[in-house]
Amino acid sequence: MTTAAIFFYLFASLAIGFSLVTVLKKNPAVSAFSLVMVFFCFAAIYAILGAHLISALQIVVYAGAIMVLFIFVIMLLNADAPSFDFGRSHIALRVASIVLCAGLFGSFVWVFKNTALSPTLGTFTPDQVQSLGGNTKVLSTLLYTEYLYPFEITSALILAGIVGAVAIAKRGKSAKSPYSQGEA
Amino acid sequence: MSLINPAYLAMSSVQLGLLTPYLVLFFGACLALVLVVTPSARPDISVPGVMVASMAAALVGSACQVGAPAQALFNGMLLSDGFSAFANILFLGSGIAVTLMSFRYLKTQDLVFNEYYVLIGLSILGMMLMASTLNLVVIFIALELMSFSVYCLVGFRRADRRSNEAAIKYYILGSAASAILLYGAAMLYGSSLTLDIGQIADRAAQSGALFSPLLVIGLLCVLIGFLFKTAAVPFHAWMPDVYDGAPIPITAFMTTGLKAAVFLALVRVMASVSSAPLLTGSVATSFHHILWMAALLTMLVGNLVALQQTNLKRMLAYSSIAHTGYLLVGLMAGSATIDGYTAVYFYVMVYAIMNLGAFGVLTLLALKGDAGLELGDLAGLAQRRPWLSFALAVFMFSMAGLPPTAGFTAKYFLFYSAVQSGDVLLVVLAVLCSAIGAYYYLRVIVQMYMKEPVGQAAGTTRFSYSAALTLGVTVALVFQLGLFPSAAMKTISDFMKGPQPTTALVK
Amino acid sequence: MVFLPGLWALLGLAIPNQNAKLIRNWTLAGTVATFLISLVVYARFDASLSSFQMTEVVPWIPGLGISYRVGIDGISLWLVMLTTFLTPIVVLSAFESVEKRVKGFYTLLLLLQTAMLGTFVALDAFLFYVFWEAMLIPMYFLIGIWGGKDRIYATMKFFIYTMAGSLLMLVAIFYLAYQFKLQTGQGFSTNLLDLYQVQIASGGYLAPQSLLFLAFTLAFAIKVPLFPLHTWLPDAHVQAPTAGSVILAGVLLKMGGYGLIRFALPLFPDAVRLYQWPMLVLGTVAITYGALIAMVQTDVKKLVAYSSVSHMGYVVLGIFSLNTIGVTGAIYQMLAHGISTSGLFLLVGMIYERRHTREIKDFGGVAKVMPLFAIAFMIILLSSAALPGTNGFVGEFLILLGLWQAAPILAAFSALGVIFGAVYLLWMFQRVMLGPVTGAENSKLKDLNLREMVVLIPLLIAVFWMGLFPNFWFSKMQPSVDAALTKYVGPAQVAQKVSP
Amino acid sequence: MLALIPLLPLLGFLINGLWYASVQLRGGKALSAQTSGLIATGTIGTSFLLGLVLFFQLGSLPEESRAIETTLFSWISVGTLNIPLAFRLDALNALFVLVITGIGSLIHIFTIGYMAHDEAPAKFFAYLNLFCAFMLVLVLGSSLPVLFLGWEGVGLCSYLLISYWYTDPDKASAGKKAFIVNRIGDLGFLLGMFLIFTTFGTLDFAALKEVVAQTTPSAHIVTIICVLLFVGCTGKSAQLPLFVWLPDAMAGPTPVSALIHAATMVTSGIYLVSRVSFLYTLSHDAMMLMAVVGGVTALFAATIAVAQNDIKKVLAYSTVSQLGLMFLACGVGSFGAGIFHVITHACFKGLMFLGAGSVIHGMHEEQDIMKMGGLRHHMPKTFLVFAAGWLAICGIPPFSGFFSKDEVLWHAYSSSHGGTFLWALGALTALLTAFYMTRLFVLVFLGHSRSKEHAHESSAVMVVPLQILAVLATTAGLIGIPHLSWLGHWLMPIVGHVHLREGVAESSEWVFMISSTIVAAGGIAAAFAVYSNLKTAEGLRARFKTIHTVLANKWYVDEFYEALFVKPIAAISDFLWKFFDVKIIDKIVLSFGTVTNQSGALARGIQTGSTQLYAFMMLVGFVSIVGYTLYGIFQ
Amino acid sequence: MNAGISMTSGIVVEPWILLSFCAAIFFIGLMGVLIRRNILIIIMSIELMLNAVNLTFVSLSGPLQDMGGQMAVFFIIVVAGVGSAVGLGLVIAMFRTLRSVDTDDIQVLKG
């Protein structure tokens, strides 16, 4: 086992632990912080796997932007009080959910273990990537060439997200006035 | 080896032309957004005006593409073919109709926030993109573009807890389903090195040995994602609640545009999957069984529960589930028949038209606060609003599948193709389900025509020309397609040069 | 011709709602015109041909082999005539009884006529189905809007029952069209003549052919209605307005029998032979059962409704005796029943308009105050009871004779219906019409007026005309009946195999 | 010309009927009894004259081809079935035609007087004419279906005429009963007809006769045919077990009883069996059945008649009894004797009914003989003619009844189908007949008046027909004097000979003639002995109280049928409707709806609104889809 | 698993282990959606699921020697970001009317 593998296992177990905390903890704020931890672990794993750009994005976008949003909302809604929703759930439903999820997980693992990945391989061997200027450069180039199209439509997605989120979340003003001015 | 493949960047003027509908719509939306945020005169008229204009322009653009040779743009991520032209026309048409019928509705409901129209436009853009690609990443992005817009539109009655509830439910479940779909995409990627379903199929056709459990699970996850969006049982539960809580025009939009988009995308995917020997042996059988059961359950649950409803919107929601079931029957049959999925396309189109019409009437009937849509509110409507009742009756008969309406011919083609695929038992069950369906559709008519009016009920809204136009066109189309479907059928099959399956999904 | 009433209805829509009189006259003119056209059709009909005549073919959905293909033969000719004959009568009969939403009523009536005519002349299975189902819609409204107290229940039951039954037929049509394609390699076809050539595996009670037969027969049996699928009928009849009942009994029920002859017999010879006995037994049961139940009814209309069950049982028997005499008798019985039961419903309607009750016990001695009504009632009643010389006799006689050749025991049993028929009809007549005049309302009843006489007289003439000169009808239908039976043993052979 | 015979009364019907209807429609003056009666009588009378002409024409033809045929049009023609609406006059039905039109005319004339005060005589005459038309169709029809047309037609007219005074519920019921009981018989007729068609391929009498002669049909089938047809006859001719309608039919106006229920319609059964006698002679069993049923009915009805008090009921049971005798004759193969008796019976029973009508008319609608008496003083003419009828039916020579009854009894004994038992039945019947007829006669005409009503003699228009009939009743027997019988020769080609039993000498007929006269005289004497003094009668009744009650209540046959058929069928029907149809069949149908609805409610129950539950459903779907597929792979 | 893939080509751990790890996170997220009532936590769970998918893509990218997977992750991250923005917007709107972020409180629509 290489050092990288050791680190992988370390971060993987941390990630699993924190994600369990995220899911199981009563207090949303605690969950949010655990989630940040999960994101960090993921970033580390990305790095271990050689996906440096993704790793960076993970930290910037997820841990930086999305989590801030979460915590902001948690604070805004004053919803950080421990929620006792946990106990109210039907125990049978909960157990069944867990069992079924576990079952699915098991079968997925079985599949992963007993299956072959694509027999044809791509051209981006690590050496190749290195020779083309590294992970970041390759990705960036691809983004603006081969993946230009999804990149462009992502812009529409973001636009829609902004318009939608604003329209929904902005303070309801007197709907009587038809001449509303959006804040976006 | 160079990273930059010039082919990715070069784009002929023809190809640019093919992009016109998308671009027009996108920039129309942007323009409308500008109008929303800048203090301009009467944005409540100009914004929808711009949106309708751009949608109409896009529609014309799409229509111009009919007959043009199929093209793959952006490394195959955007397929411009008859299929996408057909889909675009359908989405844009329903978008225009929804916009028109929303106009009066938003006024009566005190909901004049003009972002509404922009969101509809963007959502349609998402639909168009989704139906014209086989790339899973693009599908995902387009799907989310469409979904995010619709989440917001569903929750647009912000002060109404029902609307909030619907939006949240839809968001939670929808996102989970998207995640599953995406997970499936990841697994497909792992088993075939590509995110393009068309390429997966091509590779399978070349090597013939792409089969792996990973691929199967990936396909299943993708399928589940789609089944969720089309509200097939057991992934249907969100739909009634969301339809119920959403503003009526948005419900109309969802039953028509959104449903059509998801289904057409699913058809494209399934057609592609089944055109190659991807699924063989026991897996193919399992897939067949799964779809079979899903179709049956969907029809059953949809019809049975619709029978219980007294709220019109909810009833139509369940009926929409039932129609998903019929469509699944057609989907299964499509791969085995010569005419392929033409029957499904036709059904999708007809279904969109009927629903637009039916919801158009409901929009006009809705009182303030979306109240007044219980069945009983329709009592004696025929005497107060004869034309409106007539229109609704036509749509109900059409949905029940009675001649001489389009619903009948559509259903006929669908089942016809299913019989050809040899699945007579399923068709028999399907027609029995549609007999159940007739009952609740007829109840609406009973209320309108055979009951005496009780007190102050629905149908007091003023008439709006835009809505009248929508209704008139849809009624005419329902009859036109019911009586003379062959022209439309022929057009559709002329459109479809793309995903023409050659081999059966099963066997 | 088929669409004339429909077009007429659309034109009629232009008449303002308030002008009920004009609407009525307009509709009457339209239906009379249709009748006149059908007379022209009759005149042009060549009785010597067994094939379909005056066919019109317009490609409709070529991709699926569907075309608008209509034509008539000796069987449909008469049913078309029956339809066109009854509709003006119905229109006229409703002049005074329908007060609310007059325009809607007549528009629907005309649309209904279009659908009915279409059903009878369709030579394309798909087209047939279209008309078959389309017919339900106007009928649904007629019962649902202008019907009695429980009209909604009745109309829903009618609609769903009929529709559920016929949907399986739709599947069977698909299957046949597909089989045609497989067997001939010519593409789909729902042309009836093409479908006749399709060979379908037969053998057991659940062989494909049998299943297809059952799918078709279910639809038709519900319409006929054959025991035990008859329960929609009493409800629908009782709740329907008079015009609805008349059309329902006079024409709609005939479609079941017509369908059996047109589809079930030529398409599925083996299955028909296989199921001949069960069908015959059901028909026999229907006759006796319907008659017995009619006997104890307290509502005149319900009584007539159950009598329809009984009478239409004969039609099934005639058809499934599978010989010329039986099938001819069945067609004739359909026509005769169309006339006599329509007459009964009209009469019941007339008295209902006067007294607003249909309970037998509310009447008594009506003959005294309404002698003309009594005469008309008596004649129609006798026709219904199959008195020789009236139309009812010819049909039942031929059916029983044909059935005797196929199954003497059943013929004996079903002939019991002749007795029971007399019992319930005369008993009803006695209770309603005879005896001392009871109650003040009854003594004030007015006799028939001129309009009502005009409504009834054509029927009365038809009763005797059909009873005394049936050959007038037979001569035109004979070649067609023979053609319909070509897949079965000839009548001569049937005659020989009988020995009790 | 032949066709005119039935068509003329039909014309009369149309004139009277339409006149009546138009009066109802527009108001105005109703036709008087005279006018309408004249129309009706005119038509039927003309028919009679035509009948006479044709009869003589027929007589002038050679014996083998003694038939006149006319085809109106082809009635029903389908496949191998071809039924023309045709009439064929031959030796057999020529007699019937004469009886129907002749006696019919007389009764029509009588009716003019009888119905003079009715409110709608035109209707009545229309019915009468219609009846005559149908009756003529019945006898003239050249094939079974045409016969059946008349057969049912007369049944209808019988119904209409019995319930002519329909405002009386009993009379209306009586008509209905007649029609329905007849229908039961008709069922047998129909089935017999079907069997004939399937066996012989034709329904035309002449053709049938040829086919039967050429082929040798299985005796089995012939027996079934004959029995089925005989069932029809028992209905129409009021034999056991279907005789019950006839006594009730007396509810109709008396001319109706005379015409329909004595002279003509009820004899159509005899006509039918004679018509197809060539079939009956092939089946010994059927003949035997007919003879026994006839004999038993004769005796049975005679016993009932003894204890009846209603003048018309007595005559009705007498009619049943006499019809029994006719069937007895036919059953022993002596169709000629049967027809002979039909003719004489038509004369004297028609006479007696009309006489009774005259009495009733004179007594102001009183029908109970116990309330009459001594009418010979008040109604001398009626008394005289009634006496002629009385003697005829009792069988006193030389009145007509003597000859015909004697021939019946003789053949009952002597025929190869006959025997002592059958003779004994007949003789006993004759005894009883003489007894109860004398009883009637004594109670009505002799003794003292027991009524407060003041009887009066009827008008000439009623009496003259009576007198004519009386002459006929007295003399009609002459056409059939034994050994010189013109009738026997006349009918021979159609009904054939009577084959005597071995060991019976023809000469012994004289013995039977004498003995039957003695029997009749005995009956008369006994009745005189009992009823000339009513006290004796009372004493006897008291002594045989049980028997009298049983007889007065007609052996409880009606009650028996009520309990055995009417009530159970009504109960079954009620059960079928209220339980089977509504609770089972309809429930099953509706249960589809209910089950659908219930399962809908069940499925709806899942839709709780809980997001988690929805997600869980998705998970279940996820698991089952993946699990199912993996299971497939794993396999 | 593919035997041809060696450590030298960038494989840190066996792909199936990586994938199983992702699956674990994915199902933990799914479980969160299923058993939690707090909508914020549910949204976080969804983020977990998406992250698991991301990692799946990345971990497949290496053995397959392809950049497509990593590109996909790029877009997924963006979509996830927008998605949570929309979701949180909806939560805020809901909180305004309901004063709650609990799924038990959104059970008005049912049946």
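Which chain is which? They are A, B, C, D and E, in the order written, and residues in each are numbered from 1.
Quick note on the criterion: a residue touches a chain if its C-beta (ideal position, glycine included) is under 8 Å from a C-beta of that chain, and two chains touch if they have at least 3 such contacts.
This is a predicted model, so every value here is computed, not measured.
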Top chain pair, ranked by how many C-beta pairs fall in contact: A-E
Of all other chains, the one whose Cα centre sits farthest from chain B: D
Distance-maximising chain from chain C - centres being C-alpha averages: A
Core chain by centroid distance, with centroids computed from Cα atoms only: C
Distance between chain centroids, defined by C-alpha means - chain C, chain E (Å): 66
Whole-Å gap separating chain C and chain D, where each centre is the average of the chain's CA atoms: 36
Centre-of-Cα separation between chain E and chain D, whole angstrom: 97
Separation of mean Cα positions, chain C and chain B [Å, integer]: 43
Set of chain B residues in contact with two or more other chains: 137, 141, 144, 148, 151-152, 155, 158-159, 167-169, 172, 176, 180, 190, 193, 213, 217, 240-241, 308, 439
Contacts with 2+ other chains: residues of chain E: 15, 19, 29-30, 33-35, 37, 42-43, 60, 64, 66, 68, 71, 75, 79, 82-83, 86, 89-91, 93, 96, 103-104, 106-111
Set of chain C residues in contact with two or more other chains: 160
Every chain pair in contact, whichever chains are involved: A-B, A-D, A-E, B-C, B-D, B-E, C-D, D-E
Sites on chain A touched by chain B in the complex: 108, 111-112, 114-123, 128, 132, 138, 141-142, 145-146, 148-150, 153-154, 156-157, 159-161, 163-168, 172, 175-176, 178-182, 184
Interface residues, chain D side, partner chain E - complex: 604, 607-612, 615-616, 619
Contact set on chain B toward chain E in their complex: 137, 140-141, 144, 148, 151-152, 155, 158-162, 164-169, 171-172, 175-176, 178-180, 182-183, 185-187, 189-190, 193-195, 240-241, 244-245, 308-309, 314
Complex contact set, residues of chain E against chain B: 15, 19, 26, 29-30, 33, 39, 42-43, 46, 49-50, 52-53, 56-57, 60, 64, 66, 68-69, 71-72, 75-76, 79, 82-83, 86-87, 89-91, 93-94, 96-98, 103, 106-111
Chain D contact footprint on chain B (complex, rising order): 168-169, 172-173, 176-177, 180, 213, 216-217, 220, 223-224, 227-228, 233-235, 237-238, 240-241, 282-283, 285-287, 289-290, 300-301, 303-308, 436, 439
